[in-house]
Structures are given as structure tokens and as C-alpha cells.
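Note that the chains are named A, B, C and D in the order they appear, and that numbering of residues resets to 1 at the start of each chain.
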Amino acid sequence: MGRSLLLFFTPFIIFTWIFFGISQKGCDSVMQADAAKQLPFNHQSHVEKYGTEDCQTCHGYEENGRFKGTPSVGDCTSCHARDAVLNSNDPLEPKRKPMLDSFKDTDRPWGSFAKQPDLVYFSHKVVMTAKYEDGRLKSRCGSCHGDKALSTDTKMLKGKMLMGQCMDCHTALKLSNKCAVCHD
Amino acid sequence: MEEKKIEIKMKRKWGMAIDLDKCTGCGKCSVACNQENNMPIFEDDSDVPKRVAFLELMKVTNDKNAKFPDVKTAYLPKMCMQCEGNDSGKHKADPPCVSVCPAVATDVGDDGVVSQIWSRCIGCRYCQAACPYEARVFNWWKPEYEGSFKKSLNTDVSVASRGTIVKCTFCSHIWKRERDAATAKGILDINAVMYTPACAAICPTGAIVFGDLNDHESEVSKLTTSNRAMRLTNSIDDIKDPEKKKALLNKKQFANPKVYYLTSQSWLRDMMRFKKNS
Amino acid sequence: MEMLKKIFKTCYDGIFEGTSKNTKIALYVLFALSALFIIFAIQILFWGLGYTDMDNNFTWGAWIIGDLGLVGLGGGAFTTGYILYIFRVDKLRPIINSTVLIGFMCYLFTFVFLLFDLGQPLRCWFGFAYPNWGSGVYPVSMLTEVFFCLSFYFMILVVELIPTILEHKVLIKNKYVAMIAHYMHLLMWTMAAAGTFLSFFHQGSLGGGMWGALYAKPVWYSPTFFFMAIVAAMAGGTSFMTLMPYIAGKIMKKEVVPMETFQLMARISGFIFIFYFVFRIFDIYKSAVVLAPMGGREYLDMWGGYYGIWMLVLEMLLFAGPLIFLNIKKFREQEKFMVIGISCGVGAIVTSKLSVLLHGFSAPNFPWKGFTAYTPTIQEWAITLGCFSIMILIYMAFIKWFPLFPHLEHNEHDAHH
Amino acid sequence: MKKIERKDFLKLGGGAVLGGLSGWVFSGAPFLGFQWLAEWTQDQYVPVKGFEKYVQAVSDSCPAGCKVSVRMIGERAVKIESKDGVCPACHNALQLTYHPERISTPLKRKGDKGDGKFVPVTWEEAIKEISSKMNSLITEGKANSIAAINKNESLNGQLMEKFIKAAGSNNVYYEPSLKSLTSSALGGYINYDFANTDYVLSFGAKLVEGWGSSADMQKVFTQWKSKGTKIVQADTVCSMTASLASEWVPVKPGTEAVLAFGIANYLITGKRLNSTGEEFGKWSQLIINKFPLAKVASYTGVSEERIKQIGDEFSKAKNPVAVSGKGAHGVNASSAEIIAVYCLNTLVKSRAASLMTNSSVSYKGEFAGLDSFIKDGNFSMLFLNNSDPVYKSVLGEELKKKMEKAFVVSINPIMNDSANYADIILPSLSFLESETPENKTVVSNFKESKDAKDIIIALSKSIDKTKDAFSFTNGIDSFKVTGKETASGAKFSFNVDKIKNDIDALDKKFAANAEYPLFMIPVEAPLVGDGDGLAFPYVLKSIDPTVFYKGKLLVQINRETGKKYGLSENESIVIRSTRGKLDKVYVHLTDTVAPDTVAMPLGFGHESYTVYGSKKGVNPKKIMAADVDPLTGTADWWSTRVKIS
């Protein structure tokens, strides 16, 4: 009996592990977990050094309230000026980043992990400005994107968003879960 | 004070009043609607029963009953009437189409607009059978946008796939857009945001008036309560005796649409009802 | 290549061996129709419903008529099963296998038709995954109900069909198979009971409730339609279940089912038809006097165009068949009157289903519009007729290779000795 | 160690398969795959996102100069909105701008004319070819054989007129429009002060269906409604205007002019009113003798009492106006009709109708109008400025033949029936792509296409004689020289001698005709108009099933008439006139048209107007009567006698 179990479970475990790995890798690439991230970015150091806790510094809004999404290289060069020094002793002084040289200011060399499907109308502005009666914000960037402030790279922290996650939040906050709230 | 303003309770109930005495049948509403809602483009769109368009410009004449020259013509822009239904005791208020959907692809929003989510739709067309206003359209063919026509597509309205139902939603995406813009300006109260659907915005004679039916001061409320107002084929409106009406409403659900047609022309009023024995 | 030829030859011989010329022709036609079905099925599934004559006003067409007819007539399976297994009317035993098979096929092809009718067949599972159930016990959408009940009942029919397959002369030699078949037969009453329970719901919903619930459409709206459809299925179904083996017997020139079983079935059918007729008259009366005026329409005004009042008249005429010939003993016991009776019964049910759909959709929704018409395209005809021919082929195959008619086997067995 | 047996292999294999399966399932791959399958089968196009903004634009291609606000997503224009109203052509500009069949480069004909085969050439080559041809014509002294046909009086048209005139030719024509017709007949077009009228008497002018400046007319209509202005519409079909008017005077087909004579007759004889127009005496004698009220009543089908009543009301109103020009987008009227109706205005001294002229638009060519030019004119070089005379003119077939012998240049954004016969096609822009002094362009030029103004200026610079025609090199500067509208100084004349023959011919026109017993009259569907709209798919989407249904063009015929000829709904018929026949038309029986009338929709039957507009229905102008009016130089669309079978 023991031998039978051994004979069965040894390949079982090995193959579970192998296939799990392969499939997950495949899923990740399908889910754009490896979305083109041509430029590395350290969220943590920026937040710590310059105190830019406010994500809106780079991930801001257009005039009409639409979310800009990933910043453009222009946003980088506004601090890391193209003619700034390459090295300096002051750790707080923004330096020139040679890796930016090959990009135009309008380029956005980062892909988006969490792209909304076309039929979803999601307004970052509306969600991010909603407040409780006592003035606390109802949602934070981290609620959906994970604690990016502590991340040192551009990897996705939370998995792909599914409609259930949106609905969970809406239910918890006693918000309307009608289809037309987000869909057209 | 600031917190008081953050009111999530929806107060709006969107409705429409179409003044047929002012409508000249110019068809601008139709073009504007098609453009706004990314209607599919076909080489020959003359197969009218299979046509995919939210707004149908219906030509109405009374020539079935009248002879030349006692005839009249009118164009009647017809979109989804966003029916409410009524609570009949046995059934809670529901539009005719919403209760029949087997996959919950259609639903009544908090603002009273009947939504239709094509990505949930299985294409059974039961809602079409249920709709008394022929307001729902089915993508019989794959929606095509030949070549550069793709460039004129609106990003706020997703392009549906073949084999799904689509319908007019009073351009509620414009409302979302306006809400976004208002939030950016610091207006957080959802009930403070107004909008105008594409058809009402383009109407050159102002025949299409859109607004909030719950707001009794709004133009649309005033128009819909005028004695020129009528609802298409909703015969229960003709019963004046409130007791009798109540009894009927308890017996059966009625469509109870939110689009009103205004006309002082008696022939057109007759045409909006099925006349007995005609 | 040789291999393929050999396989083809074997199949060909297997199918056509020992068949008469007429049967061969019939088989060729049926196979041709089935082939057409496959061709057009691919077209419809891959390129959509634009190729049909259905449109935004005439939402449903030939396939839903097929659905309504198949489910309505397939309803004979649960009625017969119930009477046999619960009331223990053993006289019905010779017909039950055929009944279950017809029921099974009716439901199978209902699914097929429904699948074709969906604009997005790949999303058919949404009906189960996101049912419109509302907050109550009973689903909000009649179609949700149809989805669930139909599937459950279909599973029951599969279970009911298994013993018939297991009793195949090769399989039954295995002692385990024989045992399973035996016990399944013994426990079949549970299935029959459950099947009847479920059938009541989907017969009501697909056949009637689905239409009766459309409150904004005075052509259909009728709260009692649901219950009427159940009675209709019982009445027409039993007729249909009698008719099919009868035709098979005529073609095979053998007594496949004893005459007394036919007689009993016909009697049951005729008896239920009385109820159905009364119900139908009541329904028409109520629609004409109460419901249509409530929806602002005149009942007779809604009948017109191609699918006018003649459909109603025809239905009434067809009613006379089962009502007279199946209920009066003198007529019923004459074979030809019995056949006329059950045929008219089937005809009445089919006509009523046709009129529900054709007349319902052709009636205008706006006062200035006229009645519309529906002319199915080649695709719709091919798929509808193709399905029917596949059904007939399956039935024939079962007759040939499985003990569909125990009575027949019994007789042949006797003859051998 | 025990030997591994066959059964053990099964265990190992089973473990491997089950392990792989569970690993696959637990990784979430099947669920993701399912979702992917669902998304893949949805297969929808996702419009390119971008920043939303609104851009203001003024149309320079329509005479009304529509002001619109264009919604932009990134660099794409997605919607035209307008608070002030917009004409159908400008409303369709978005579909024109992004039309998949836009002409992208200058094209040169290859193969026979009408084959529709063109090869792309560069701008330099195209201009060079045109200029060498034109230069040689001018040097040969054949400058007058250069002609141009403009679509309308917008700035493009004015520049074209100036260019051709500078080249030494007088042959500049406009597609028949309200302004061109009235200018030819009256010596100036009529400026209506609709806002202040209290009584409008319209002779078949479908005022709210696209007539005149359609956006303005819609505004005027709402004012009328709120003020309670009385609108009396004489019309043969129950049009929207007739239906919305206070009174509809149903007249027999084509007899609007006679009704105007009758009313004038009554006003002159019964009310003793006088007109200041030249030759009034002669004219009044003519109509008093020729059109007594009884005869008018029998011709028009309007009773004498009714005519008198209209005359009374019209003369008593504070500020009445009579309006001529039958039709909506495609306007047509004989000069006799225009003069008779304008006469009514002068009789009551209407303040709401005044004659105007435009300094840059003469409407005067060698011939009276487009149709007479096609009929009698000879040209060896023709410019088509966005116009489509082959389709629009009753004499389109003749024009085709003449175009085959001439050198034709077409300036067009998309292909049309006339451009198909061109030697050179120069791609122009939609108004969204052209710049005005107030506004920048909304979207950038489509490929190599250029602004029509720039094209005309470039052409003029390339020709020796017209080098100095324009003092500027840039289209944007041309706005400075826009024609000024001024009140017409010249007194209007009844021109009795010229129109007398036509008036005499009326008797014959309305006489019973055994061979061609029916009248064919044109009607228009909303947005389709005179055919311009048919290239745009969203216009196709709004066509009513009683006009064009499942590829069948329906003509409207009165029920009684239908019964007389044994016609049933949707039956295929052939319409014949002396000029030819139209087949593949289908019957729609309706009482909204007068008896013995075939109401034929205009705007269908294009030969090559993109895939959306072509080969749909038939063009009724092919069989319309082609008697060219002496003053307006256009054929009367409303006097066609037909028979059906």
C-alpha cells in the first residue's frame, strides 16, 4: 500500500509543481504582469526622499477630471532635468538620468497593469474624492493598487482586478451596485 | 457643512418630453445619436427591421383612416422610453424588459434609466419580445466601422459585439462624464450634476427636452404635467377616475414610460393610441 | 484511403443492410437534411444570426416554434412516466421506452434550438452563472426557470433512458449491467416523480409563462397561460407519444406496441384534452374580455395580417378531433378514428404554439404600423428540418439496435420457439 | 526493491497526469483561459482613448456658415455639437472627414471617362496639366470655353467665380439653389425677414424641411410657433411643413404658380392693389385675361372662395410674406412662379421680403442657368467646385456627353457622379480641416488633400492671365474679400416678354394627357435631401421604411389612384415619361399625396457616390421634363407627365 502511495504521489507532487509554475507564468504574461516597463522606478525612494506621499504628484488628473494614468517622461524630467548634474553629493538633489535621454517628454514608457475593459467607465476622481461623513476618504490608492509607496520597482502588487472586487467595496460602503454605475 | 453635501442618495429620475408640435422631422437627433453612441456602419442600412439604431425617426401619418387632403404627417423620434412599470402588489415595479432577462444583463439604474450591458448579454432577445416600444436592437451582424470611420468613434461608449442587445440609455455616459468634470471642480454631490443627451442637445427647435422628473421645477416636469403630454400607447393614462386607475394598477403592471410626447394635434393624439375597431 | 473506404463500407452496410427501397430513399433524404444542418449550423454559429429572417420586431422564429412544439409534445414523456410508475398502470409498459426516447430527443433538440437562437452561444452558461433569480424563491425571469428546469429534467430523462440502452442484447449479457438495469427500472418511479415535478415548471414557463409574463404586450399577456401550457403539454404530449410508435409500427408493418396500450394512451389524451379545451376557451374569453382591453387593445384587432384569426379557427377545428374521437368509446376503438383523433390533438397543440409565436410577433406595437410577416430563410429551414431528421434517425437507430419496443422483441422471441 | 510492474506504471502515470491537471487548475489558468475565450469571442473594436477637449469651428463650405463645437478625443474629432443649429451638410462633416473613400491624392484619369479608373499624381503634375491646358485655351482666344460649376455661394464658390472671370470667361454657374433661382428671375435674391412676419404664404416651399438656410429656418419656426404666426402652405403632398402649418392648401401637382396668379388676380381686380415692378400693367393684363378665378380653381383644385379668402387674409395681415421655391434642400421653381409669388409681396408692400445682391456672386453667365448651359453651351474646359451637376441636373446625361469631349477638373473631397467624368480630381477638405480667421483647424488635413480655396488660388497663380486675380497667396486671407450683401438697387421687372411663352404653355401642361396621365413630383426624405446626404452611413440609418426599404425605392401614390391602376403595396412598377423610363421602383400607397400624382423621392440613384450612396434606387431627374426656363435657366422638376405600368 505504502509503495502504491509513493508511486502515485511522487509524480503527482512533481507534476503539480511543474504545471503550476508553467501555468502561472503563462497567466502572468497574459495578465500583462510583465507589461513593458522600459524604465525602472523606485517608488519607495521617491516617497522617502522627497516626501511625495501624494500619488497625484505623478499620477494626476486632467482638467476634466479624467485620470492621467502613468506619467509621461516629461513629469520625470521636470525634476530630473535633462541638463542637471549626473552626480552630486547631495542625496536630495535630483540628478540627470541618462536613461531618460532616449525618450521624448511626451513618451509614456510604462504599460498599464490594470487596464479597464472598454465598457467600464471608472472615474478615479469620483472614487478618490468620496468621503465619509467624518471627512475620511472612502478609498485610497492602496485599496486597489497595493502599497506602492513601499515598492522599489514597477511590478504589480495586487493581481488583476475583477468586477467582484469593485462590487465588494461598493457593497461594504453601501454604494449602489447597479450595472449602469460603471458600465455603459 | 462640507460633509452634509456628500449625499449618496439619488434624487434624479431622468425623463424626456418631446414636443411634436415643434418637431420638424429634420433627423438631426438621429444623426447625433448614431454618432454619440458609435452605431455600426453598414453599406446598405435599408433593412429597417434589422437596423441598429437607438433612435428611430418614425414617420406617422393618419392615412389609414383619413383620405387626401384630410391627412397629416408627423415625425416621431422614438428612443427607449425607460419604462418604470408599477408595483402591482404581486410584482414590484419593473420595466417589461428587466424582469425577463435570464442573465441580469439589463437593470434599472438608481436614476431610473434602464441599462443594458452587452458583455453580459447572451443574445436571447427575450427583452426585445417583451418591449412594447421596439426600443431594443440586436446586433444581427458584427458591428463594422469601415476604415477611417473608426476614427470618429466615441471612447465613452463601448462597441458591442455581434449577437448582443443594445439600447438607448439616455446617453448616461455623458452624465458620468459630467459627474467626473464636476468632481474635478469640487462638486461632490451627484444630484447637482445635470446633463443633456445627444438628441436633446442637437435638436434645433428645442422639441426634445430632457431633465429630472423628480424636480418639480424643471422644465421637463412642467411639460410632462401639461395637458398636451401623452405617453405612447400607454392606455392606462386615459383613465381619469383615480379609483379605477388604482384598481387597474393593482391588477396588472403597466409599462409606465418616462418619455412623454407633447402635442395639441388631435389626430396625433389618436395615433398614439390603438383606436377601438379601427 | 483503403481504410476509409472499408470503414465507410461497414457503416453503409450497417445502416442500409436489409432495408427496403423506400426506407433507403427516406434515409438518404434524412441524411441529406442532416448534412445541410451541419453546413448551415456552422454558418449561423460563426457568422451570426443576420442570415435569418428574424429581426428586431420579429424577435424569434422557426427555432423557437421548434422549441415550443418539442417541449410541448415532449411533455408526453413525464405524463406517461408518471401514470406508469406512480399509478402503476402496467399496460403502458410497452410504450414507455419509446416515450422516454422521444422525450429525451425533444429536450435535447430544444437545447440545440435554444443554442442556435442565442446571439452569443458561448455565453450560454451565463444563464446558470448569473441567473435572474431576484430575492425570492421563485426566479424572476421565466427563461432562468427554463434554463434550470430544462437542464434538470433533461438529466432525469438521460437517467430514464439508460436502462433502455443497457438492455441492449449485447450489454445485458453482462451480469453487472443487467443488475444495474434491473434496479434502475425499479427505482424509476423516483425519477418519474421528480421529472413530473420539474416538468410542471418548465412546461408552464417555456410553453406559456414566458409569453404570459410579458405584461406590456397585450398579445401575449395572460397570467393563466402558464398553467394552460402544462395541461396542453399533457394533452398533446400523450397524443404525440401515441402517434410516433404507431407510425413506426405502420412503416415496419409490425405490431410494435399492443393495441390496448394505444387505446389507453388515446383515452388518457382525450380525457386531458377536455380540460385543455375548457381551459383554452376560458383563456381566450379572458384575453378578449378582460386582458386585451386592459392593455388598451381590442382582442380581434390584434389578429390580422398573414397570421390572422384563421389560426384560432383552425386550432378550434383541430380540437374537435381528440375531443370527439378519443373520448367516445365507439370511435376510439376504431383504429382510423383513433389515429385521426391523436393526429388532430398533435395538430391542435402545434397550431396553438405557432399562433402564439407568429401571431404574437406579427401584431404591430404601434397604431400606425401594419402586421409583419416572417419567412424563414434557407438557414432556418435547414437547421429546423435537419434537427427533426436527426431526431427521426436516432429514433430509427434505436428501433434497429435497442429494445425500444419490448413487446416486439417478446413477440419475435415467441416466434422463434 | 520490487520489480516495477505494469500496474505500477499506471500509478506513476496517473499521478503525473492528475498532478499536472491539479497544478494547472490551481494556477488559475483554466479560469483565465475561459475569460480570455469570452473576451476573444466578443471581439469588439476599442476606440483609441485620448484627452477630451472641445474645439470651435465655423463652416466655410456652407453659405450659412454654421458655427459648431467639435468634441475631440486626442486628435480625433468624435462629435459635432451646436447650440445655434447646424445644417445637415455641416452635421455630416464628421462622416465626410473620416469617410473611408476620401480622395487622398490628386487623381488623373486612366481609361475612358466614366470608367472610374484614376491614378494618383502629384499636385505639381496636376496643376501643371491644368494650367498648360488653360493657358493654351486663353492664348488661342477660347477663354470663353472655360466654365465652372459651383456647388454654392460659399467663399470657395466666390473665389472660383473670380478666378474664371479673370481668365476671361463668363461661364460660372451654380447648382440651382434658392438664391440662384430667385436672382435669375428677379435680379436679386430675396432676403426674408421671417422673424417679424405674422402671415406666411408658402407656395410649396418646405420651410422647415431644409428650405433656404435650414438651421435658421428651424429657429424661425420656433419663433412662429411661440408668436402664433399664421402659416399657409400650398402643397401637393402632406409634407411636414404642410402638416405643421396653420393651414394646408392642397393643390394639384405643379399648379402653385397658377394659385399665385389667382391670388394676384384677386388682389389686383378685387382689392385694387398695385405693384411697383416694371411691366406690371402688361403682366396684370396677362394674368387677368388668362387666369380668371374659375380657371385657377379648376387648375389648382382650390375653390374660388378659398382663393379669395387667402387673398383677403394675405392683404389684411400686418406683415405678410409670400414665399416661393418649391422643395426643401433641392429647390426648384419656374421664373413665372417666382415672379408671381414675388408679385404678391409687392402688391401688399411686404416689408419682410427684400431683394439683395452679393458683390462677389453674379449668378449671371453666358446662359441663364445651369441647365441652359448644359443644353446649349459648349465648353472645352470645365471646373467642378464640389458640385455634382451630372447627378443634380435634369440634363445630366447630356452633360456627361459634353464632358467626355472636354477637359474636366473636379475639386472634391469624395467621389461623385460628375467627378467620375473628370480628367483631374483635386482632393479638397471638409470644413473641419480648413482654417478660418477665427478658428484653427479641428483635425489635420487628410493625407494630401488641400483646402479648396488654396487649390483655386494655386490654380490662378499658375495661369498667366489670372496671376493677379487674387492679391493673396493663402486661403485664410481670402476671408477678407468675402462678398458683401447689399440691397439690390435695380427695380424688379416682371419680364413679361420672356416668360409669356411659359405662361401660355401652362394650359397645355395641365391639359388632360391620355398617354401620360400622371404627374411626377419630387419629394425629399429627411437628411437625404437632394442626394448630398446619401454618402453618409448615419443618414442611411435614418431613412424611413416608406422611402427606401430593403434596397427598394418606394414611390408614393395615392390610394385611389393606386386602385385605379390596380397597384398593390410594394408592387414593382415602371415609370415612363417622354424622356425615358425608371424601373425597379416600388409602390407605397398613401393618402398623403394628391391623386394622379407620383411622389418620387429625390436623392437616390447615384452612380458613383461612394459605396454607401451608389446604386441605391433610381434618380428621377433622368426622366424629368427638360424644358429649360428662359430666366432661371433650369428645368422645371414639377411639370413631368408620366405613366406607370
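In the analysis below, a contact is a pair of C-beta atoms (placed from the backbone, for glycine too) under 8 Å apart; a residue touches a chain by one contact, two chains touch by 3 or more.
Please read all numbers here as calculations on a predicted model, not as lab measurements.
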Between chain pairs A-B and B-C, which one is joined by a greater number of C-beta pairs in contact? B-C
For chain B and chain C, let me know how many angstrom lie between their CA-based centres, rounded off. 39
Per the centroid of Cα atoms for each chain, what is the distance between chain A and chain C, given in Å? 55
Taking each chain's centre as the mean of its CA atoms, how far is chain B from chain D in angstrom? 32
What are the residue numbers in chain D that touch two or more other chains? 41, 44, 46-47, 52
Residue numbers in chain B touching 2 or more other chains? 47, 51, 58, 61, 104-105, 119-120, 142, 158-159, 161-162, 177
Find every residue in chain C that makes contact with two or more other chains and list them. 120, 123
If I apply the definition of touch given earlier, which pairs of chains qualify? A-B, A-D, B-C, B-D, C-D
Could you pull out which chain B residues touch chain C in their complex? 47, 49-51, 58, 60-62, 64, 83, 85, 96, 99-105, 120-126, 128-134, 136-142, 161-165, 232-236, 238, 248, 251-255, 271-278
Can you list the chain A residues touching chain D in their complex? 3-4, 7-24, 26-27, 30-31, 62, 64, 66, 117-118
Per the contact definition, I'd like the list of chain B residues that touch chain D in the complex. 21-22, 24-28, 30-32, 34-36, 38-39, 41-48, 51, 53, 57-59, 61, 63, 66-69, 71-75, 119, 142-143, 145-155, 158-162, 177, 198, 201-202, 204-206
Give the list of chain D residues in touch with chain A in this complex. 2, 8, 11-24, 26-29, 32, 36, 39, 44, 46-47, 51-52
Can you list the residues on chain C that touch chain D in the complex? 120, 122-123
